[in-house]
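Chain IDs A, B, C and D follow the sequence of writing; residue 1 opens each chain.
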Amino acid sequence: MQVNEFKPLIVAFCCNWCSYAGADLAGNNRLNYPADVKIIRVPCSCRVNPMFILRAFQRGADGVILCGCHPGDCHYTSGNYYTRRRMAALFSMLDFLGIEKERTRVEWVSAAEGAKFAATMNDFVEKVTALGPNKRLEDLRCKR
Amino acid sequence: MHKTYLQEEIIRMSGVNPSKCMRCGKCSASCPAYDEMEYHPHQFVNMVESGDIEPLLKSESLYKCLSCFACIERCPRGVEPAKLVEAVRLTAIRKQGANHMTANDVPALLDDEMPQQAIVSAFRKYSK
Amino acid sequence: MQRVGVFVCWCGSNIAGTVDVQAVSEALKNEPGVVFSTNYQYMCSQAGQNMIIDAVKEHNLTGIVVCSCSPRMHEATFRKTAAAAGLNPYMVEIANIREQCSWVHKDMMTGTEKAIILGKAAVAKVNLNTPLTPGESPVTKRALVIGGGIAGIQTALDIADAGFEVDIVEKKPTIGGKMAQLDKTFPTLDCAACILTPKMVDVAQNEKIRIFSYSEVTDVKGFVGNFDVTIKKNARFVKEDICTGCGACVEKCPMKKVPNEFNLGMDNRSAIYIPFAQAVPKVATIDPNACNMLKNGKCGLCAKVCAAGAIDYTQKDEYIEEKYGAIVVATGFNPISMEKFDEFAYNQSKDVITSLEFERLTNAAGPTAGKLLRPSDHEHPHTIVFVQCVGSRCDSCAEKGKEYCSKICCMYTAKHAMLTRDKYPDTEVYVFYIDVRTPGKNFDEFYRRAVEEYGVKYVKGMVGKVTPEGKKLKVQASDLIANKQLHIDADLVVLAAAIEPDQTARPLATMLTASMDTNDFFTEAHPKLRPVESPTAGVFLSGACQGPKDIPETVSQAGAAASKVIGLLAKDKLTGNPCVASSNELMCNGCSSCERVCPYGAITYVDKEFRMPDRTTKVRRVASVNPAVCQGCGCCTVACPSGAMDLRGFANNQIMAEVDAICK
Amino acid sequence: MQTITRDQLLDKAVSLLADGTVTAVLGWSKGEFDYDVTPAVFKTEAELKENFVWNDFCGANFSKYLVAKMDRLEGKMLVFLKPCDTYSFNQLLTEHRFDREKVYAVGIPCEGMVDIAKVKAICGEGISSVDCGGDKLLVTTLYEEQPVEVATAEVLAERCVNCKSKKHVAYDELLGEEGEVIDSNRFDEVEKLEAMTPDERFAFWQNELSRCIRCNACRDACPACTCEKCVFDNPNSGVENKAPANSFEEKMFHIIRAYHVAGRCTDCGECSRVCPQNIPLHLLNRKFIKDMNEFYGEYQAGAEVGSRAPLVDYTTEDLEPGEVFDRRDTNA
């Protein structure tokens, strides 16, 4: 029997000003990371509603990562500070419900950190792959 | 730059970050024992930073510092040179097994001229 | 349902090398709403753009998806293309299949697969796009400059020169600021008054400029182009329009023992006073804390001697409301307090002074009429010690001083030392320095002249202690080059005190929603590319309120701020970013969560009447977003529990659709 | 046993109606059984005398009713507030959800309310009457000849056992004695769950939440859930669903419900009180409260009108989302 290699589905929310540009820079420098990562552009990390993250899990994402400007560097001055509180609360709650904590992550990536973007994605994909498919938060009707 | 063991020990013991020094010399300007010293407070900081510890260990300057802490008080960068001097001094003392002192040695050292405080502080230092 | 056209770009081999573009355009044909799908070598080329325009017309497209390079690269290009084709420019979505796909993946199969998914997400989003039009708001063609120092003066003059009205609000009775107190200016040694006072006169005579002296800003409402500002005119008890500035009242005033703040308390003034001879406006002001008439009703001499009848003891503070299109902050700096530096004996001896006090001592209009005399005994000092970096470059843990370099001290100390040696060659002048920083045009030459031609003794090292002893000041210092400790008997010690932003600017920053850094300097919108703008649209920065600056730098920044203001006021209407938040009033709870997180103060609350199903009406408090102020971060949308707040262009349902398309 | 009597409350309500201070009274009305007391608006003395009750089953928090029930009311509404209700009252004022001018709030002391589920666990089903008196309940059931005596302390609701405050933080008039904020053990249960492995926690919640029938009672009773339109009822929100189609949606609903009230929840415990499936929903809310207390400093929603909740505030030194786990792992 052939063993199917598990390819996780990763949704990455990136803020337009820093992290999306950082992802572009990773591209400009041809820094590889797995194609499992799909990026959604948002104006600021603070635009990301916890509902988006839960929706991604519901529809079968195996991991969700949120990238924004470094604290203090937000294009909108304070957006990522709110993100930091919201996500701290949400992630702690998901953990409280028994969801694997490695499936969610917040990472600050500046427009100059193409290498960090690629490294972060490589690491995140590796960790989520090790966990296997997301069973605990998946809507079984929407199976891929 | 790679730090020597001795240098790291002194930095650790003193809790001082010598690379914060901006070479203003206010420590040496404040030092009441300046003229007694071979290596002055600012040189102390600089020599620890560059790992030049051996000459310090051998220098008389170590024992000229009054620990008045004027340099600590006045340093605009919070470097605290006196703590470095103390750390080097301790290192020197710990190396000198010959100078070790026990409580039994104290009575023999007592005389009318010697201030008691000096005996006590010597005892503190040399018993470590 | 939209009619979507998909255009997949090869970008030569940049995309096509790793992504099967043909397969992508084929796969996206089957997506909901897609009626046309194609691929081309260079979509951004003129030919590629024409292809899009033709397709829009031929297939009646209502939405466009371009699978190409990053939207940061060509989103604007394709929006223009859409507009040229008669579509709303915001009906375009870009799928980034170059930087975030073909360039980071090597394998054709995975690259193609991912490109298709990214394309699907873009199609899903564009299906929910709505045409967006940038909002417009009118511009009040008048500027407000807060602070009447050289920064404020220059900004106001430049704005007025372009034909716009400007008001200056200055909290002191006269404009002029710190520069008016200076003697000579480095590196050219022109006299400060000679170059400043003509500008002050220009301000006074310029028809476009109004001066609110002895006034302060107490409230700011509104937004870029439309600020409503309340200015408090403090009662000066003299009718400004009648007073001729003759000075008869000042002469006759019996209360003459008030410390003169213009001379930093080194001499006295009367209770009714004109700060200095060239004051603008040249109008007397009564100090209510010193005037006997105001304190206990006994005197009234000034009213008797005033030929113009300008004295009015009953004058009250006056509040004026004005509208402005732009605001320039030019609140300047002050030297920090020397109280905590015990080692320099500033509190113990009158002969330990700050550099600003030294300026007054050498100024012909100062307390000693320009003769360099010791404050304690009015004798000529023979040995002068200058100490640099007092309170500057202190570590953050040292609460006495500031962490930053105050930037101007090296040069003014060189100036003081040079001038002293020039006028009094018998004086011995020492300058204790840590570093001498002279990065400016002709600055280093100036400093070298002080050393080489004027014989100023520069000593690398710091002063550790100053002890007053009899008539002398014992200075203990280190000379790091000679490796010795110096003991100097000085007659005068001059401290180059660090400078800090004016403390009254803090509440102003709150009013303007302009941010400040940890040192209370105003933050610029971008440290390199937008140095004279604050992050709040319509608020600009001029002079030392943004960071330590010398006069030439202040003047150039003032001009830069003015040009930004002129650029803003020259517009009749402002067009905003259409991707702004908006609140669905039917769903809004009025809970204020969004208002609390908005970094721009763009959200206000209004009471709105709603018709209920049973034909009654109900008044509810609902959020209202000012599209001219909103920058579109979307923070409010997440704070909103009911989801009433949404962001145009990045709406909840659009992002959800993208998530769904990716996770399908 | 409550220290204040029905007669005292009735007298207060009747006299305030009579002198025109208020035109309506928000109070508890008797239901079919002694224990199913329901909230009601009374407009006349007769209605009050007939139906008004005050006993150990008057758990309902009236604050929320002030949002909807005052639209067409001429004059003021009298509302009785137990200490925990006053926090919700303040929180709703912070959110501008009702007009303070139109309310006359009477603070009343509370000695804790009884959880009928606990009574049933002791006495069984078929309870025909419950007599609240002294520190005992006299429970008559269809199946027992003699009434069963139950100590009130044994059947107090969980939220009352771990009561956080006997202090009234808002009122126009206070009946009885003012109490104190209590140093309660309300986070013990949360800590117990935190100490479990993720698998155990998942199993625990899987078991609890799978009982959910999506009746929405928790949302409807919650004084923080006063949205004009709930996201779960809004087809455009992307999370609309009326009934759980699978285990995910149960979780999604409860996470979002708790998240939406995070920082605003006063921990009044109404969600768990009204849950017909006895799901310990308050634990989700308390987890958020406990986290935010630990991460950002103690904060009690509703303690002051106009206070800024942790999620609409920040400091530049806040901990990173990844650190919430390290923090717990090192604490453990």
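In this section, a residue touches a chain if its C-beta (ideal position, glycine included) is under 8 Å from a C-beta of that chain, and two chains touch if they have at least 3 such contacts.
Since the model is a prediction, treat every value here as computed from it, not as a measurement.
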item: Furthest chain, CA centroid comparison against chain B; value: D
item: Central chain (distance from its CA mean to the mean of all protein CA atoms); value: C
item: Centre-of-Cα separation between chain D and chain A, whole angstrom; value: 36
item: Chain A and chain B: spacing of chain centres that average the CA atoms, whole Å; value: 53
item: Euclidean distance of C-alpha centroids - chain B vs chain C, Å; value: 48
item: Chain A: positions in contact with at least two other chains; value: 50-51, 55, 78, 82, 86
item: For chain B, residues contacting two or more additional chains; value: none
item: Contacts with two or more other chains, residues of chain D listed in rising order; value: 231, 237-238, 311-313
item: Touch relationships between chains, expressed as pairs; value: A-C, A-D, B-C, C-D
item: In the complex, chain C residues that touch chain B; value: 343, 389, 393-395, 397-398, 401, 434-435, 460-465, 476-480, 483, 485
item: Complex interface listing, chain D residues touching chain A; value: 190, 193-194, 198-206, 231, 237-239, 245-246, 248-249, 251-252, 255-256, 258-259, 262, 284, 287-288, 291-292, 295-296, 310-316, 318-325, 328
item: Chain A-facing residues of chain C, complex; value: 70-72, 96, 98-101, 103-107, 110-111, 113-114, 117-118, 121, 515, 535, 579, 597, 599, 631-635, 637-639, 647, 650, 652, 655-656, 658-660, 662-664
item: Chain D contact footprint on chain C (complex, rising order); value: 586-593, 596-597, 605, 612, 616, 618, 621, 639, 641-644, 652-653, 656
item: Residue ranges of chain A touching chain C (in the complex, touch as defined); value: 9, 11, 16, 20-21, 23-28, 30-33, 35, 38-44, 46-52, 55-56, 59-61, 75-79, 82, 86, 118, 142, 144
